[in-house]
Each structure stands twice: as structure tokens, then as C-alpha cells.
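Next, two complexes with chain A in common: one pairs it with chain B, the other with chain C.
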Partner chain A sequence: MNGLNWTDTDTWIVVVGFLAAAACGLPGCYLVLRRMSLMGDAISHAVLPGLAIAFLVTGSRASWPMFLGAAVVGVLTAVFTQWIEKIGRVEATASLGIVFTSLFALGLILLRMTADAVDLDPDCVLYGAIELTPLDTIALWGWDVPRAAVVNGSMLLVNAAFIVVFYKELKISSFDPQLATTVGVSASFMHYALMGLIAATVVAAFESVGSILVIAMIVVPGAVGHLLTDRLSIMLLISVVVAALSAALGHLGAIALPPLIPGGEFIDTSTAGMMAVAAGALLVLAVAAGPRYGVVSRWIGRLRLSLRVAEQDILAMLWRTEEWSGGAQTSLNRKHIMEALALGPWSSWAVLTGLARRALVRQDAAGFSLTRAGRDQARDLVRTHRLWETYLARYLHVPIDQLHLSAERLEHATDERLQKALSEKIGSPRLDPQGKQIPPARD
Partner chain B sequence: MMTILAIADHGLQWPDAEQFLRVLLMRDYNTRVVVLGVSVLGLAAGVVGTFMLLRRQALLSDAVSHATLPGIGLAFMLMAAWGGDGRTLGGLLLGAALFGVLAIFCVIGLTRYTRLKDDTALAIVLSVLFGLGIAFLGLIQNMQEGNAAGLSQFIYGKAASMLAVEANTIFVSACVIALVCTLLFKEFTLVCFDQGFAATQGWPVGWLDLVLMVMVVGVTVVGLQAVGLILVVAMLIIPPAAARFWTDHLSRMALIAGGLGAVSGYLGATLSGLMTNLPTGPVIVLTATFMFGVSLLLGWRRGVIRRVAAHVRLVRRVGMQHLLRAMYELRESGDDPIRIGRLMMKRSWSIRRLKRLLKRAQRCGHVQAVSDQSVRLTEQGLAAAATVVRNHRLWEIYLITHADIAPSHVDRDADAIEHVLGAELVERLERTLAVEPSRAPPSPHPLAGAAS
Partner chain C sequence: MASSARTSEHSANAPLSIHDMTVAYHRRPVLWDIDFDAPQARLIGIVGPNGAGKSTLIKAALDLVPRVSGVVSIYGKPYRQQRRLVGYVPQRESVDWDFPVNARDVVTMGRYGQIGWCRPVTRRHRAAAMEALDRVGMADYARRQISQLSGGQQQRVFLARALAQEAELYLMDEPFAGVDAATEQAIMAILEDLKHAGKTVLVVHHDLQTVSDYFDWLILLNMRIVDAGPTADVFTHDNLHKTYGGKLTLLSEAADLIAKQR
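Up next is the complex of A and B:
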């Protein structure tokens, strides 16, 4: 690869991509939360007849009639879907599917009827031509700015203003429409306002950048935000960041990746398509590495929990062995521990190494035995265990042969304060229901 | 740039009679194969779609169909890179099918392992994979071997200009899909309604699920050729949704959906065969949409007209029973004939509504007009009114004696339930309350508007 040839045009493409993506991503957050993510897909297909009719009526490809026609049909999509769902009692997603495919079919036939004179091309609508947007400029305060940047930028401003002004109303009607209605916010008004805004955004964006980018940017930034946070305001911010990143990475990918493919015949590819792919890659990253809901972090959390449980089980087992042998220091070898606690070789190694590193157990030729610090902790665990057994037997009447298992689960989740409260509640007995001694508390 | 297919041909052309007959009776071998293929495809889509609709996964096919695009693009590039012909149909369809299955796994994975809901998962998979497909098509534009012109047919379909061999592929695969659905009908039904039960009965639920998904992918991939990737979704959703208005039986619903699908396929293929410039896919879909609209209105299970009619009937019956009871109660307190002014005070009805009710009651022979301002129950009306009043009071007494509700509060509850007490329930009430059969007991509470 002989260096990347980045020009002003490329910068403008990224800027236009970002503005369109952010304009779609902001209201898209609410669609994700309202379980209406497919609305973007539906509207961007359904507006085809609106475009065709606007063209048939006005006979020109001027922007305003097209925009108006498409926006009207976009809102109608939401209205028809609601009707079919309510009147016909058809499930919501199915009625959405019925409406948008029918409108798309109608649009294709209308286009075919106008086809004599027009170059109104469904492919253009589908793929868009974001690569061409920097060529079509208008003067703004003495600058030559791409028209698409102005259109999508204003749409972004409108959306941001709408969200700021109606933040509370949108939030409450998205999460709890009934509550919204009882406190005097019209949930259905907010619904149709949002739908109208989405329709306008979708139309403005795909006229300049193509519908594929629109469909992706309606849902993916919001979904990434949803995976990373529980706060709506932060989710909105994340969606804007994702929009910016996918615009930049997507265009970079479109011009930098194809030359790397062996064969040498590839120069570049569709920027809009690559922006969607970049957004998808960011989503995969969020799914894998998200701090709270990510697959990896949840896996790590579970692993750490199971290791801690195994650690405590080993300490308690060593302490009980000492108790049986009358308080003399005893050692258990690793194989014995593995078998008794049903641990695998890897986890037993990890747990024992961890315990030894913190000087809770020591290893010698005979195996593992408790250190003084380890003995203190182990005694505490066994104390908790036996307190729970007493409590369960006395107050919950758990049969004596089931005490051990229940107490085993509870002991891992009991902290010092709970242990103290427990001990006070049952009157600090000396023996547990099975007649074993409850070790004294740490002082 | 990316403008691949320009529809800048010419407007619609009407066929002459000779052409009309030729296509309608399928005299051409080519037309015959195309029409048959698309009809059977409609049938298969209707049956498969029935299961998907009932599982509330109707739009899964949308994700599948969009996801086939990168499969087609990748297959084209690989076949071209290995020196073959990029447009070999089998290879392209194989690529499409593999990506369709991949899309289903992605949707299932996203909904199962993340907190994203199914609609979001669908939208993500659909848009990202479609974007990937567009990127592949962009790469193909760079290739020496030729442009992607042949590939865009998969987005819009091209039944009208289909080769016999392609139509044969559609026909055979659609037949196979329809056959598999028929053979596994019972199993699919079970998986559709009660997965847990199916599993306890020992059915391999996971495998059956997979087979059903493969059927969906099959219909979608085969349908790409005929109607294009966006409209094939409609063939899977609209006929089943229309069929749902006609029946509550799954087997009948599948039959009706298959029939509607076949009819739309037949009409779409013939019409577009007749008018050279009418695209097949949209005609198929709009035919199906039209039939959906008809079913929505007329369907005799859940159709709107039937439901509205049932509602109107109910409102009328309740109104009539209210009138009869009001008149009976007034008669008990000595008004005979009954002045309309007194009747007005019994309930919160408008004078117009009351007049209408009285007119209808006169037509039924329940009421006769004595003068301009007063009416009287006929013999027949008295009997009917006695039944209603008895139901009302039985329920009131039941509430007072068995539910410990104060006599002043039972009237309203009984008012709601008197219309729906069946003969068996009335009999049991009579036995429980030890009330004389077939006579209205006296009211357990003072009647509104009685004392004057």
C-alpha cells in the first residue's frame, strides 16, 4: 500500500457521514428503548411511493416536494401499522412488515410508471451516494459546504433541540406510557411526534447518504449505548460517539482495506456499506467488552465468584480436618482437595496458588495446610456456616439432613455485620443442631 | 458509481387478446414454468410463514433476506477468484443460504446473550449484514471480470425474464419445502405452541427449530430470484396474516395461507407476463395485500365486520334487557301503564335512546304503546322481563348472602352480570339460594325511582 491519499473530499465525506449518522442515532435511541428498532428499516423502504408520487405530481426532482412526500408516507407507515395492529389485532412486528412491504411494492410500480423520463433510481435510493456529496456544494457564510452536510446538520440540530426540550416527556413516555398519561404527558402525542421526526430524519439522510446507512444508524448507535449504560443521557452521548467513530472508521475502511486484499484489483468500496459494517464492529466490541453487560466481563465476574467460593470451601475444609484430628495441624494433598470439592485441575491450581500467595495456606511435602491467618478466616467461615444451620433449623424448620446444603450457599454471601446480627438473633449458642461446636467470633 | 440498474425503459403496455390468452392458459413452456414456479413458491411461503407468524417471528425473514446479499457477493467473488463463472446460480444461492443461516444465529445469539431485545437484534443483523453486502458489491465493481449487473436482480427479482432452468430450480425447491412442511406439520405445530411440552414428549425441539429456520432460509433464497430480497418478506408475512382472520385452526390457516400465496404468485406472474413492464414482485405483493385487506374486513373468525356486528348485537341485547327490567320494576311499584317520563328516571339514558329502545321493543312485541306518553309490557314482554329481573335479583341475593356485600351495593354488580347468566348457572343459583324456580323474587333492596 503506497500511503493513504486523504483529501478534503474525504474529510467532507466523513463529516457528512457523521452528521447523518448522529441525526439518525439520537432519535434511534428511543426506538431501541421502545422496542421499535425496525421502524427505521420500515420507513426507509416505505417512503418509496411518497417519492414517486411527489415526482408524478410536481414532475421534477426538486428536493422539497420529494422530502414532503416521503415524510408524509413515513408518518403514514407508523399510522397504518398502528391501525392494523389495533383494528385487525395483528401482532406489531407483523403489521409493520405488512405495511412497509406493501408500500415498497406500490412504490416500485409507481416508479416503473414514471420510468419513461426519470432517472429516479431505486438503487440510488438504496445505496445512496455519500461519495458524491462533496461535489454538490452551497455557499454558507462565504464557505463552500456540501449541501448534504447542511441538510443533515440541520436535522441533527432539530433532533437535538427536540430531545433537549422534551427530554423529560420523551423519557417518561418511553419507559412508562401509562404513568406518562396519568401525570399529564400525552404518550400518543410524543409517539407521533417522535415518528414524524424519525420520518423526516430518515428522508433527509437517505436522500443524501442512502438508506442502508440510515437503517444501520437508527439502531446500532442506540444499541451500543444500551449495552454500555443504564442512563438515558449517557446512552444518547454514546450514540453520538458511535456515529462519529463509525463514520470515520467506515470511510477509512472503504478506501484503505480493499487495496490490502490479495489480487490487487480492488481500489475502494462503498463508504455507506463500510460505515454500517464499522458500526457493526463497534457493536460486537460492546457486546464482548462492555463493562457491565459485556459477555467477557460477565464471564469474568462469574469466574471470580466461583473462584472465591472455591477458595472459601478449601479453607473451611482444611479447618474441619483440623477439627476432626483434635486441633493438630494437618495437611491435605491437592488431589484429595480436587476430589472432595469437585474442582478441575486448572481451577484448583489457580485457587491454591492464590491462597498461598496471600499466605492463607502453606504448601509442604505433605500437601497444603492452614497458616495462622488462614485459620482465622476459616474459623470465621465455619462459624457463619454453623450459625446459619442453627438459624435455619430453629426458625425455618429446615430438616436436619438439608441444613448443610442451604448453609453452604448462604455462608459465601454473609459479611461480618450479618454474621453478628445472626449470632445475636439466635442468642450466641455454643453448639449447632448437629451437636458440633460453633467456633467463637474473631475479636 | 453504484447505479447499477436503471429502470429507464418505457411505460406500461397493454397486451392484445391473443397474448392475453397465451399467458393466461400458460401455452408457452417458459411462461408455464415461471407461473407454476412462482405459484408453488407462494404456497410454500404461505405455509412456512404461518408458523413464523404464530411464533411471533414474522420479521426474522426480513433479516434473513437482507443477509443473503453479502452471501451472494462473497460467492461471486470467490467463484470469480477461483477462475469459475461468478454468476453460477447454484454457488450464488449456496452463499445466500449460508449467510441466511448465519443471520439467524446472530439474531438468536444477540437476544440470548445480550440485553438487546429481538427487534433491535433483527434490525442490527439486517443493517450490518446488508451494509457488508453493499461493500462486497462495491468491491465487485472494481473487478475485471465484469460488473455486478447480474447480481442486482436479487434485490428486485426478475421473474418475467427468468430462464427456464432458473424457474425449474424455484419450482423444485418450493415443492420440496412444501413437502417437508406437510410431513413435519404435527412436529412444527408442537414446537410452535408449546416447546416445553414438545421437549417432555421427547421431540428433538432444537433440531425441529433448525429445520423450520432452514425452511425460512430456503423460501427466502428461492424467492430472491422471483420477487427480490425485500418483497420475499411480504410473501412470508402477508398471506398468513390474512389467513388468520378466517380460522382458528392451524391446519386450515396453513392451507388458506398457502392458497392465498399461490393465488398471489399466479396473478403476479401472469400479470407481469402480460404487461411487459409490470414488475412481478410488486404485483404479487400488492395482490396479497389486497387479499389481506379483504380478509381484515370480511374474515369470519376475526374479521372487523364480524367483530363490529357482534358488538352491535351485544349492545342491543343489553339495552333491551335494561329496558325490560326497568319497566318490570316500575310495574311492580304500581305503574301500569308506564309513563315515559318515569322510565326516563330509571336509568341515565337519553330520550332519543329510550325512544329507539321502545320502538325496537314494540317491533319485537314486548311492549305496546298505550298513549303517546305511556307504554305497557305485553304478555310476552312480561315473561321476558321476568327472566331478566330474576337473573338480576338472584345474583343480588347471592352477593348479599354469600359474598357479604351490603344490599345497597349489589345493584351495580348484578347489572353487569345479568346479561350473561346461563340457564345452568341460574339453576344452580336457585338451588343454592333455595328460591322458587321460574318466579322473580322480590328485590332485596329498595328500587330506585320506585317511591313517589
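Up next is the complex of A and C:
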């Protein structure tokens, strides 16, 4: 790779980033589905007193007491939130805000009381130290593996196992907690189990990737998954893929982008920060390009619709011109069509080309005229239009000068079945309210 | 209170027997001294004004909201021991329809109690879910994500989920809310089938016009039970006036007219 100096260290950084992100993202999916994404933020702050108390009691920074302290406080966060919601009669998010800021403050006081003996410095808490994780290794089956990879990897395995074993229970208690409880799956038990697991995950990921990335990784992978699929299992898989992509792209960005910034002396930037940026970019991409909810696909859908409407308008206009001239075949030039229907040059070209290709109109020196097939379709459209005008005038008493526009909107949405029903309803009249003939139905 | 339900003797084996139940939210009582035995194999309507505690009655019976006092028994035993016998249809608005599951997944949830903790969903249960979907005429929509269904279709899926539970007693919270007339008739036909199969169905209901057509037994509720018993005896102008407090005079007039029709 030109300019990039990729080493084993870089590989380990990406692996640690992926393991932490995936470990957070999996249970995060359920937070997203329960509309409780803020809980990730809350728990990642609220675990602080748990860490401090674990340290005070054991006097060490060993992992297990820390996990335990964090998990307990994580569950307590959820418990307190429910209490305050019930007793204080405030909404869930407000009560969550009260609980986690109080616990965070308590944690800070406790840390101070330990006379700064714990080396938890704020930078490290916020951004983590993922770049340093490959230095701290432990031997695993004869390999030197970064401790952070082992910790986050184990957490990922625990979370994946939890989701596999309790797949059904998590699904029903997230979708319909009341039904879950009535079929014997205690929704509150599942809730607290999930919160405890998230707290432990947060602590595992904390040290290596920092709290900002933890919060991002709890919410973003699940959010991307939710945008891209309608299946829960696939949503969970997508969250893992998003975790992997953000880790790889994030680290790549962290070492590749800074030298490109002009005038700077940067050699690289924070991998954790860039991972969050990469995850954010993936979310934007999902919002834009998602198959059903995506902006792009909706835009394409609208464009298709407006082209179809323009097509139908042109056919109907050509038919009406023929009607005017007593049934003789007539042609209209493109400029005339553009002006009458207020079409732009690009869309009129696209629509007319499409119509000609499907042999609904033909083009000669005089302009565009209907083919036989085109005339059939056009007559049908005009029939629908005039049936609607009759219906609107007769049943909804729409004034005659407003009939055309309303009928115009309706005619494009009317299919064969509806046209038939409409005709039956108004008794197949021959003339519309303006006295124009309603063309007969095709047989 | 002339109703048979107000006697102190409770039959030991009623599908649902509620004795002296009081429920409060934030100490404000919403249900007072609820006391009745639901008879077997009936379609039972629970009728009353907004805020009368109709949904709360069902939820309290299912331990979903705490009771201040009172005893609930299902076929003579506490609910905890009888979960399998009870199917619940919550209000449609109680869940998030954007949840990434399809119709069959939702119906399969009705089987989770029978499947048991941590066991996978087997083919037998999936087949049962499909059968339930078929019964409500939704088999063609099995793989449709649930937000893609209309309100009436969503309600049918909820009903199918309860059917898949194969319960003896069904508690339904406004199954007709927001459904079209055709769906209402389809749901009603299924409820009749359940009754003929010996099941007991309690339905929270809003439309007084259809009460006497739909239900053969009735609970008139407004924080307390105004009256409970066979619809023919209970659905009277007097009782409706007591239930609706005379505020909804048009409704009681409507009920009056309906009562005169018989």
C-alpha cells in the first residue's frame, strides 16, 4: 500500500475495535428496538460508581470485580429509572436523565475520595486508548494476544451466546412485554438481564475504545440494521458487519486521512474517533440508500410516478386533440406538448422516447401522433377522467370549474377494477357534466 | 344488585372468577370491589364509558397491573398456575408495529409459553402458527412485515396469536378498534366458533349498537360492576344510565331503542 505502513499492530487495533464494537452492537440492537437508545448513554456514565466501589472494596483494578460492580450498577440504573418513573410520575427519559447524572456524579465523588489513586484520566475515559491495546498482551495458547482483544472477544461471545439462547425471550419481551409476561416470559427479568449485560459490555469496551465510541457502537449498528432489513436475525447480522466495517474504515481513515490535510503536521488521528465517524457515515449511507426507507429509493419512486403521470397526460392530450378535429389523426410538435403540460426539456424527451419505444406514439415530420395501441390506452384514460368528473359532480357536488383538476389527480391512480366499479356506480352515462362524450369501455 | 353474579358463593370451576378485587393507580382507585364469575362457553362483553377501567380489569386479572386486594382464579386455581389456559389480546396500539418481524413471527409468539424457555421454535409450532393465521384469513400475509399490514389485518394477526395459544379462556382488549366492518364480522365469526368449542371469551367493547347481537353475557362497568349477567337481563335502560352516568344521553337513547327492538 503506498504511503500506508500497515503492521501487525494495525491489524490488532482493527481486531480490538471490531470486537468491542460488535460486543456493544449486538445488545444495542435490542435497545434500538425498544426505543431506549439513550439507555446506552446512561449506563456508560452510570457504571462509574460501580467501578469506583469495586476498586474501593478490592483495592485492585482487576477485571472481575470491575465487571461485577458495573453490571450491578447497570441493573440498578434500570431499577431506579423505573422507580422514579412510577413514583415521581415523570416520563421514562426524564427519569433516566435524573438517574444517570446522579450516579455519574456519585462516581466522580467516590473517585476523588480514593485520592486519585485510580488512574482513570478523563481523556482516557472519553477517547480510550485503542492504539495502545496491542502493547498489553497476554499469552493465549502460545500466542501473544492483546488483553483488550481477549476481554472484548469474550464479551462478544457472551453477548452472542445470550442472544442465541434467549432469542425467543428477547424477541417477545422487546416486541410485546405484556404478552411476554402472560405467556410466562418475565419481561422485567429479560429487561434487567439485558441491562446488566450492556453494563458489563460497556466496561469491557470502555478501556480500549472510550465512552464516546461505546455509545456510538451501542446505537449505530442496530440503527443501520433496522433501516436495512425487516428481519430481526438479519438486523443482528448487519450490526456485526457494521461493527467490522467501522473498525476497518475507522482505522484506515485515522492513518490515511491526516496526511492529506494540507498544511498540517498530523501523522495520524484517533482511531476510536474515526471509527465513530465511519459508523456515522455508514448510518448516513443507510438513510440515503436503504431499500425501503431510504431517501434515494423514495426519490426514484417519486420520479417514476411523475414520469408515468406525464406519459398519461401526453396520451390523453393527443386523444383530445383528435377528438377536437373530429377523429382525424393529428400530430402535435414537441414544443407544443412541453408548453401545454409544463414539462421540462429533459422530462419531455424521456417520456416521449419511452412512449415511442413502446409504440404508443409515433414521430414524423409533423410531430407526435397516437398509434393504434396508444389510442386505445388514451381513450381509456379519458374515459376514466370523465367518469370521475361525473362522479364528483353528482355525488360530491364539486363545482364544474374545479372538476378537471380533481379528476386529473384521480385518473392516474385508477386501475381497471376501480374504473369498472365507478362506471357501475354512476350507471354508465354517455356524457360527462360538461356535455362531452364519455368514450365507451374497451371490450 | 339483582344479578346472579353478585352472590357471595363463587363456583369453584368458573373459567374466570374474580372476588373482591380493587385496583389503584397512584393510590387513586380505578376499580372497586370487582366481583363476578364468568360462565363457561360464553361470549362476554365488558362495556362501560372511557376511564371505566375496562382494560385495567383485564390487566389486573392477568397480574399485569398490581391489585390492592382481591383474588383471581382461573378454573379454580391462581392465574400463575393456569397461564397456559389463558390467551390475551392486548390493544393494537400497545406494540411498535415497526418491529422487524413478520406476521407469522408474531403469531408464533403465542406458542412461546408451550415451547418453554430457551427451546427453539420447532416445525410443529410453526405449523400451528400457520394454521392460526389461516383461520383468520391471513395465511397469504404470513411473510409480510407487520407495519405493511392494514389496521384490520394487524388485529387479525393479534387474534391469530391468541388462537395459537390454544387457550380455554380468552381476554381481548378492544379487538374491534379501528377495523372495518368486514373484519369485524370475520372476527365475530371466529369468536362464535370459540364459544361453540366450549371456550370462554371476554371482550372489551365500545359499540353499544352491537352489544346485544354479539354477546350473550355482559359486564357493565364503571369503576365498579354496575351489573353483570345474561345480556337480555342486564342490558337495560336503567343499567346503561347508571353505567354512563346519564352523560351520554344519546348513547343511552340508542340503547333504549335497541332494547325496544327485541
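Assume the second predicted complex is superposed on the first by the 341 of 443 C-alpha atoms of A that agree within 3 Å, B and C clash if a C-alpha of one lies under 4 Å from a C-alpha of the other, contacts with A are read in each partner's own complex, and residues count from 1 in each chain.
Everything below uses one rule, namely that a contact is a pair of C-beta atoms (placed from the backbone, for glycine too) under 8 Å apart; a residue touches a chain by one contact, two chains touch by 3 or more.
All of these numbers come straight from a predicted model, not from anything done at the bench.
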item: Fit or clash between chain C and chain B when superposed on chain A; value: clash
item: Contacts of A:Ala105 with chain B and chain C, given as first, second, both or neither; value: first
item: Partner chain(s) touched by A:Ile261 [first = chain B, second = chain C, both, neither]; value: first
item: First, second, both or neither for A:Thr229, with chain B first and chain C second; value: second
item: Which superposed partner A:Arg35 touches (first chain B, second chain C, both, neither); value: both
item: Partner chain(s) touched by A:Arg89 [first = chain B, second = chain C, both, neither]; value: both
item: Which superposed partner A:Leu283 touches (first chain B, second chain C, both, neither); value: first
item: Chain B versus chain C as contact partner of A:Met155, first or second or both or neither; value: neither
item: Touched partner set for A:Val240, first chain B, second chain C, both or neither; value: neither
item: Superposition-derived comparison: chain B or chain C, residues of chain A touched; value: B
item: Which superposed partner A:Gly273 touches (first chain B, second chain C, both, neither); value: first
item: Residues of chain A that lie at the interface with chain B and also at the interface with chain C; value: 35, 89, 226
item: Contacting residues of chain A [partner chain B, same complex]; value: 32, 35-38, 40-41, 45, 84, 87-91, 93-98, 101-102, 104-106, 108-109, 111-113, 115-116, 118-119, 121-124, 126-127, 129, 131-132, 212-213, 215-216, 218-220, 222-223, 226-227, 254, 258, 261, 263, 265-270, 272-277, 279-280, 283, 287, 293, 295
item: Of all residues in chain B, those that touch chain A in their complex; value: 1-12, 53, 56, 58-59, 62, 81, 110, 113-117, 119-120, 122-124, 126-139, 141-144, 152, 155-156, 230-231, 233-234, 237-238, 241, 244-245, 277-279, 281-283, 285-286, 289, 292, 296, 302, 304
item: Chain C residues touching chain A - in the complex, by the definition given at the top; value: 26, 59, 62-64, 83, 86, 88, 90, 94-96, 98-102, 105-106, 109-110, 112-113, 115, 117-121, 145, 161, 165
item: Partner chain C, residues of chain A touching it in the complex; value: 33, 35, 89, 165-166, 168-169, 171-172, 174-176, 178-185, 226, 229-232, 234-235
